[in-house]
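The two complexes that follow have chain A in common; it is paired with chain B in the first and with chain C in the second.
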Partner chain A sequence: MIGSSLSLEWAPSPSEPYAVSAGYLGGQLMRVSLGSGRPRPSRREPPIRPLWSGWGARLGEDRALRYLLLAPTVLLLLAFTLYPYLYALRISFYAFQYGRPTVFIGLTNYERMLADQTFWQSMARTLLFSLVVVLVELVLGLVLALLANREIRFRGAIRTALMQPMVLAPVVVAIVWRLLYNQESGLLNYILDNILHLGRASWLGDPKLAFLSIVILDVWQWTPFMFLVLLAGLQSIPVELYEAAHVDGATGLQVLGYITLPLLNPTILVGLLVRTVDALRMFDQVFLLTQGGPGTTTEFISLFLYKTAFKFSQMGYASALLLVLFVVTIVIALFYIRLLGRSGTVER
Partner chain B sequence: MSASKKNDISRRDFLRLSVVAAGGSLLATQCRPASPTAPPAVATQSAAPSAPAAKAKVVIAAGADASTEPMRDMINSGMAEQALGFPVEWVELPYTTLYEKLVQVGSSKGSDFDLYMMDDPWVPQFAGGGFLMNMTKMGYTPGPGFIEKTLDLGWWPPKTGPRVPGIGADVQPELYVLPIIGDCQIFFYRKDLLEEAGIAPPETWDDIIQIGEKLAKPEQGLYLLAARGVRGNPVVTEWFPYLYSHGGEIFDEKWNITFHQQAGIDALQLFVDLLKWEPPGVATYDSDEQGACYLQGNCITNIEWTGWISQAENPEKSKVVGLTGWTTTPKKVRSASQIGNWVMGIGAGSKNPDGALKFLDWFLRDDVQIELAKRKGVPVKQAPYQDKDLQAQFPWLPTILHALENSVWRPRTPEWPKVEDILGLHLNMALTGQEGVQEALNNAAKEATDYLKSVGYYS
Partner chain C sequence: MAATRFRLIRMMQNVLTYLILGLAVLVALFPLYWMVVSSFKTQVELFSVPPTLLPLRPTWEGYVDLFVNRKFGQSLLNSLIVVGTSLIVSMVTGSLAAYSLSRFRLPWKLNGILGFWILSTRMLPPIVTIVPLFLILQALHLVNTYAGLSLVYVVFNLPFVVWMMRSFFQEIPTDLEEAGMVDGASRLGALWHVVLPLVRPGLAATAIFVIIDTYNEFLFALILTSTPEVMTMPVAAAALVGRIHVQWGAMTAGGTVAMLPILLFAFLMQRHLVRGLTLGAVK
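Let's turn to the complex of A and B:
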C-alpha cells in the first residue's frame, strides 16, 4: 500500500525551513527542498566567499551598509505607497469634492459607506467574482499544467500558445471580447446560431449572462498564469518520488493525491494569492465591456470606486472606499500567507 | 553585546528612521496648495495673467473625437502657427482620459496645458473648482456673431436656470470658457429609402413609428434605429431628446426632480417600445456600435451627434455616402436635442495665458470658422451657417443651426454626473426589462433626491 510506504511530513527546523520529509525509499527517509529540488547545503559547509576581497568585503558585511543600500528603495516605497495611503486616510475624513468647500466631517464617509447598498452589493459581487474565477482558473490551470508536464510532442509550442492570452494587455483583450460577444456579428453568436442552431445570446446585455461573460473572459486571460505557476511547481518536484511511487505500485490518482498535490500545495497557494488580489481589482474589462451594466450586474467595487472618485469627484468618500478595499485585500492576503506558512514555504 | 553590534543600525532603528522620514515628507506636503482645504467654492482668479511669453507655444489638451478632427487637422497643418506667430501643440486624449487628466492637472494648478478642451457639463466643476482662469477678469469680452446657446455655456454661475447651493442670485456670471465645436444631437435618416417608399422626411415621433412599421425588417437586419443603451451617460444622452420633446425636464427651478412625471413616463415608454425595431442588445451599445449600425447601412435612422456627419460622408468608413438626410430630433410637443459642445478654457496654471487667449480669439474669427465648416467641422458662430455657398455645399448646416438654437444644455451643477449615473442605471434597467417604466423613473427620482439632499440641496 502506498499509504504505508510513502508519507509526507513537514518538519521545519531553523537550519532547514523548506525541508519536507517526502517519502520512504529503500529504508531511508528522503528529504527534499521545495525550492530547487536539491538538498540545501548544511551550515557546516564553508561559506561562499564573495568575488571581491579586502575592505570592500568588510564593508559588504557591515549591516549599516546593507540598510544604506536598501534605503533608496524603501524611501521610494514609502513615498509612493505609504504616503498616498496616509493622504487618502486624511482625505477620508473630509467632504472633499471639487467645486464645493472642503469640510472636515469625521467618520461620516465611513458611516455613509456602511449604509450604502451600492457599496455592499458591489463588494459582494467582487468577492463572488474573485472566488469563482480563481477556482475555475486553478482547476483548469492544474489540468493544463499536468498535461504540459508530460513528455508530449510539440510541448514547447503548446506551452507558448497556452501563455498567449496572459501577455495581452487587458484593454486589448476587452476590445477583442467585445467583438466576440457582439450580438449581431460576434463569433460566439455565429457559432451558436449558424453552426449549433441554438439562437443568439445577448452576452453583455442580458442580466443573466453578463456576469458569466466577464467570468469567461477573465478565465480565458488568466488561466495561463495559473498554468505557468503550477507548471513551474510541478517541475520542482523530484522525479525520484514518482519513481518510488511507481516501484511501490501507486496508481495515477494515488500519485496525484499523495505526491503531486501535497508538494504542489505551496505553489497553489501562491497562485491563489496573486490571482485573488488581482481579481479583486478587476476593472479594465468591465469598464470597456459593460460599464457595470446591465443594471448593476457587473458593477465591481473598483468600478464603483473609480466612478466615485473620477466621475462624481467625491474624493473623500472614494478615499474611504479605497481604504476599506485595501484592508479587505490585506486580510485576504494574510489569510493566504498564513496558509502558506502552515504548508511550509514561509518562515514564521 | 559586541562592539561591532553596538555600531549597527538595528532593524527597529531603521524602521523608526523610515517612519520619521515618511512623516516629514507628509508634513512637508501639507503646505501644498492642493491640500483638501484649498479649493474654494467659486474661483477667485487674480485680475491679470502673468507676463506674456511672446513666442512660447500654447499646449492644448484636446478630446479625441470625430467632431474635433477638423480642428485638429487645421492646427496640425500649421494654420494657427502661421497666423499667430507661435507654435500650437495639440495633445489628444480619449474622452475619459481627458477628463481625468484635466481634473488632475487643474486641481493642482499644473502647467502641463495652457488650454483645456472640455465637454460643456464639466464647466461647473472646472470653473467652480478654480481649475480655470476667469476670462472676464482677464478683460476678455466675446465679440458678436456667436450662436447664443453656445456662448451661454461658458458662464459660471450660469446666466439662466437654478444655481447650486451656496451661490446666490447676487453673484454675477463670469466667463470661463468659450465654445469651440458646436456639437449637438441631430437626426440622420436614409433619404433614399424614405423617397423610395414615398415617405416624407420625419418631423415627429409618429413619423418615426410609421417608418418603423413600413420599412424596418429586424429579421433581415434592417433596423429603424439603434439606441445608445449602455448604462450611465450614453443612455441618458440618448433619452434626453425623448424626454425634452415630450415636454419633460430633469429638474425644476428649485432642483426638484421632474423626469418621473407624466412627460418622462411617456418618453421612456416610447424609448422602450421602439426596441422591437432595434438591433438586439442595444442595452450594451455605445456610440461606436450605434454609429456602425448607421454607417453599415443597417439602421434607417439614428439620433447622432453632428460629429458623425463627416463619418457618414467618408467613403472609407461609410456605406451610405450621399444617402443621408438630416433633420432636427423628432418632436412631440417640441423638438429639443441635447447640446454637447466642446468648450475651451485657460488652465489656472497656464504659463502662457495671453497666447492661449490669442489662439481662442483667432479660432473664433469668422473666416477661421468658415474654414472649419469647409472641413466638415461644426462652427459655433453664425457666419458659416449664413453663407449661401457653404449651405449649398454642406446641406446639413441649416439643420445644425436650427438644432443648436433649440437645444437644451445639461443641468449646471457639479452633482450632475452622480444624478446622471443614477438615472442612467435605471434607464438601462428599463431597457433590459429589470424594471418597469414607471418603476425605473420613480426609483431614479428617489435615489437622486436622496443624494441631492445629502449634499445640501433643498435645505
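Let's turn to the complex of A and C:
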C-alpha cells in the first residue's frame, strides 16, 4: 500500500558537504528526520519587535495559537489511533459474546495463540514472504538504478514508466494479474505452453506455485519503489567523488564498492525499512486473488487476523493477534532505525 | 587499437543498459496495456490462441455491463465524496499542526516527541487498528456511512500531511512572515498571505499523494462499507475479481476505469516529484 512509509532526511549540517535527502519513498515524496523538531541552524528566535507593532499582545496570541493549531490533529490521533490500541489491549483479555466483550478470561487468548499452529505458520510465512520480496526488490531495484544513473537518454521517461505499477490500486493490480495468471487464456500460460512448450501452470491454484505467484506480483509492483528511492540516493552522490576516483584510476567495481555502495547505504536501509514494514502487512492482493489458499499456502498474518475477526467474529483473539503483529512490526522497524542511526548520517 | 576496443566496450555497455532498462519498462507497462486491450475484446477473442495484441472487433460490452448492470458509477461517486471530504479535512488540520510544529518551540521537547509519535502511527499496519476501530465506529453507528469512512481516512492521512507539510514549512525562511508581522499582520494573517502562497507546491504534492492513497485504499473500505450506496471503488471492483466465474469483460473494464484517474494524478505528481527531489537533494 502506498500510504505507508517512512523515509529519512539526512539532516543537512554545515559539516557535511552534501546531504542525501528527500526521497520518493513509499510512493510518497517525503522527507523525514528522526528525532525531529530540532530547530535548524538557519532558524532564529524571533527578533524583538518594536513596541508600536504591539509585540506583547502578539506573543500572547502565539502562545495560545501554537496549541490551538496542534489540537485538532493531536486529538484526532489520540482518539483514533492511541485509544484503539488501548481498547484492543483491553479486549484481548476478554471473550466476546453477541459482539461485546463480556467475560474476562485473562491471558487465555495469548495462551491459545502460543498453541495455535495456524498462527505460527502464518507468522513464519509472512516473515519469509517479507524477506524474499524485499531482497529480490532490493537487488533488482539497485541494478536498474545503477543503470539509469549512467549517462543515458530518456531517464525521465523511464522513471515515469517504472513508477506506474506502484501508484496503482491493489485491486487494479489484482485484476491485472488475475488476467495474466488465468489458467486457460492467461498470457503467461500462453507463453509457457505454446511458445516454450512447458505445459500450463495453475498459478494461483497450485499449492506449490501460489506463494511464488504472490511474490512475483509483489516484486512487479514494488521493485519500482526501490528503483526510485535508490536512484534518488545515487543522484545525490556528488560527481566530484567519481571524478576523483577516476583520476586515481579506480576500476568500475572499486568505485561501486568504495564510493557508491557505502554512500548509498542509508538510502538502502530506508528502502528496506519501508518495504519490510509494508510487506509484513500484505493483505489486499492475497485477499483478492487467493483468499489465503489453496489450503493455507498464502495465508499471511493479516489475512489470518482478518478471518479471525470478521469471519469467525473472535474479536478478543483477533486483538491479541494484532497486538503481537504490532510488537513484531515495531521491533523490526527499530532494528532498521538502529542501523540507520549507526550509519551516522541521521540526526538523532 | 586500444581506443577502438575501449569504444567497442563502451558501446556494448550502452546497448546492454538500454536493453535491460527497456525490458524493465516493458515488464512494468505491458500488463497494464494488456488489461486495457482485453477490456475491449469479446469473450471469444479473450480466449483465442494466439492472443491478439489489438482487439479485432472492439466492443463496449464490458463497460456496458460495468456501468449499467453493476452500477460502477455509483462507487466512483462514493469514492469521490469520501476522498474529497477526507482530503479537505486532513489537509487543513494537518497543515495547521505542521505549521505549529515547524514554527514554535514547544515545551518539554514536545516538537520531537509529537513528530515521532505522529510518524509512528503511520508506520504501523492499518490492520492493527481495524478491529478496535470497527467496534468503536459500530458503537457510534458510523459503520457503512460516508462520515465513518471519511473519518478513518482523515486519521489515516493526517500523519502523512503533518510530516510532509512540516518539511515544506521548514524550508520557508521565517524572516518573510516576520516582516509581514512587523507590517501589522497577525500570525494567521501572515500564514495566509505570506507563507501559504510560497508553500503551494508543497500543498499540491501532498494533496496528490493523499488523493492517490485514499482512492486506492482497500482494507478499511472493505470492512467499513457494505452496501452499494456507500461502497467505494476498490470494494466494488473487488467484487469483479471472482475466483471461479470471472466476467472478464466487466473485470478488465473496471480495472481500466479505476486506473485512469490514478495515471492522471501520477502524471501530475511527476512534476512535483522532480521538484521535491531537487528541493531536498542539496541544501
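What we mean here is this: the second predicted complex is superposed on the first by the 270 of 348 C-alpha atoms of A that agree within 3 Å, B and C clash if a C-alpha of one lies under 4 Å from a C-alpha of the other, contacts with A are read in each partner's own complex, and residues count from 1 in each chain.
As a working rule, contacts are C-beta pairs under 8 Å (C-beta built on N, C-alpha and C of every residue); 3 or more make two chains touch, one makes a residue touch a chain.
Predicted model only: the values in this text are computed from it and were never measured.
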| item | value |
| --- | --- |
| Of chain B and chain C, the chain that contacts the larger number of chain A residues | C |
| Chain B versus chain C as contact partner of A:102, first or second or both or neither | first |
| First (chain B), second (chain C), both or neither touched by A:296 | first |
| Contacts of A:207 with chain B and chain C, given as first, second, both or neither | first |
| Chain B versus chain C as contact partner of A:232, first or second or both or neither | second |
| Chain B versus chain C as contact partner of A:183, first or second or both or neither | first |
| Partner chain(s) touched by A:311 [first = chain B, second = chain C, both, neither] | first |
| Contacts of A:64 with chain B and chain C, given as first, second, both or neither | first |
| Contacts of A:276 with chain B and chain C, given as first, second, both or neither | neither |
| Partner chain(s) touched by A:94 [first = chain B, second = chain C, both, neither] | first |
| Contact residues common to both interfaces of chain A (with chain B and with chain C) | 67, 70, 74, 83, 87, 91, 99, 182, 184, 289, 291, 310, 315 |
| Interface residues, chain A side, partner chain B - complex | 63-64, 67, 70, 74-75, 78-79, 82-83, 86-87, 90-91, 94, 96-102, 112, 182-184, 200, 202, 204-207, 289-296, 307, 310-316 |
| Chain A partner contacts - residues on chain B that touch it in the complex | 7-9, 14, 18, 21-22, 25-26, 29, 36-41, 99-100, 103, 107, 124-126, 128-129, 131, 166, 221, 229-232, 234, 279-284, 289, 298, 414-415, 417-418, 421, 425, 428-429, 431-432, 434, 454-455 |
| Sites on chain C touched by chain A in the complex | 14, 17-18, 20-21, 24-25, 27-29, 31-32, 34-35, 38, 46-47, 49-51, 93-94, 96-97, 99-101, 103-106, 109-119, 121-136, 138, 151-152, 154-160, 162-164, 166-167, 170, 173-174, 178, 181-182, 184, 186-188, 205, 209, 212-213, 215-219, 222-223, 233-234, 237-238, 240-241, 243, 246, 248, 251-252, 254-255, 258-259, 262-263, 265-267, 269-270, 272-274, 276-277, 279-283 |
| Chain A residues within the chain C interface of the complex | 1-6, 9, 12, 18-19, 21-24, 27-32, 34-40, 42-44, 46-47, 49-50, 53, 58, 61-62, 65-67, 69-70, 72-74, 76-77, 80-81, 83-85, 87-88, 91, 99, 143-144, 147-148, 150, 152, 156, 158, 160-165, 167-172, 174-180, 182, 184-185, 187, 190, 194, 220, 224, 232, 235-236, 277, 280-281, 283-284, 287-289, 291, 302, 305-306, 309-310, 315, 318-319, 322-323, 325-326, 329-330, 333 |
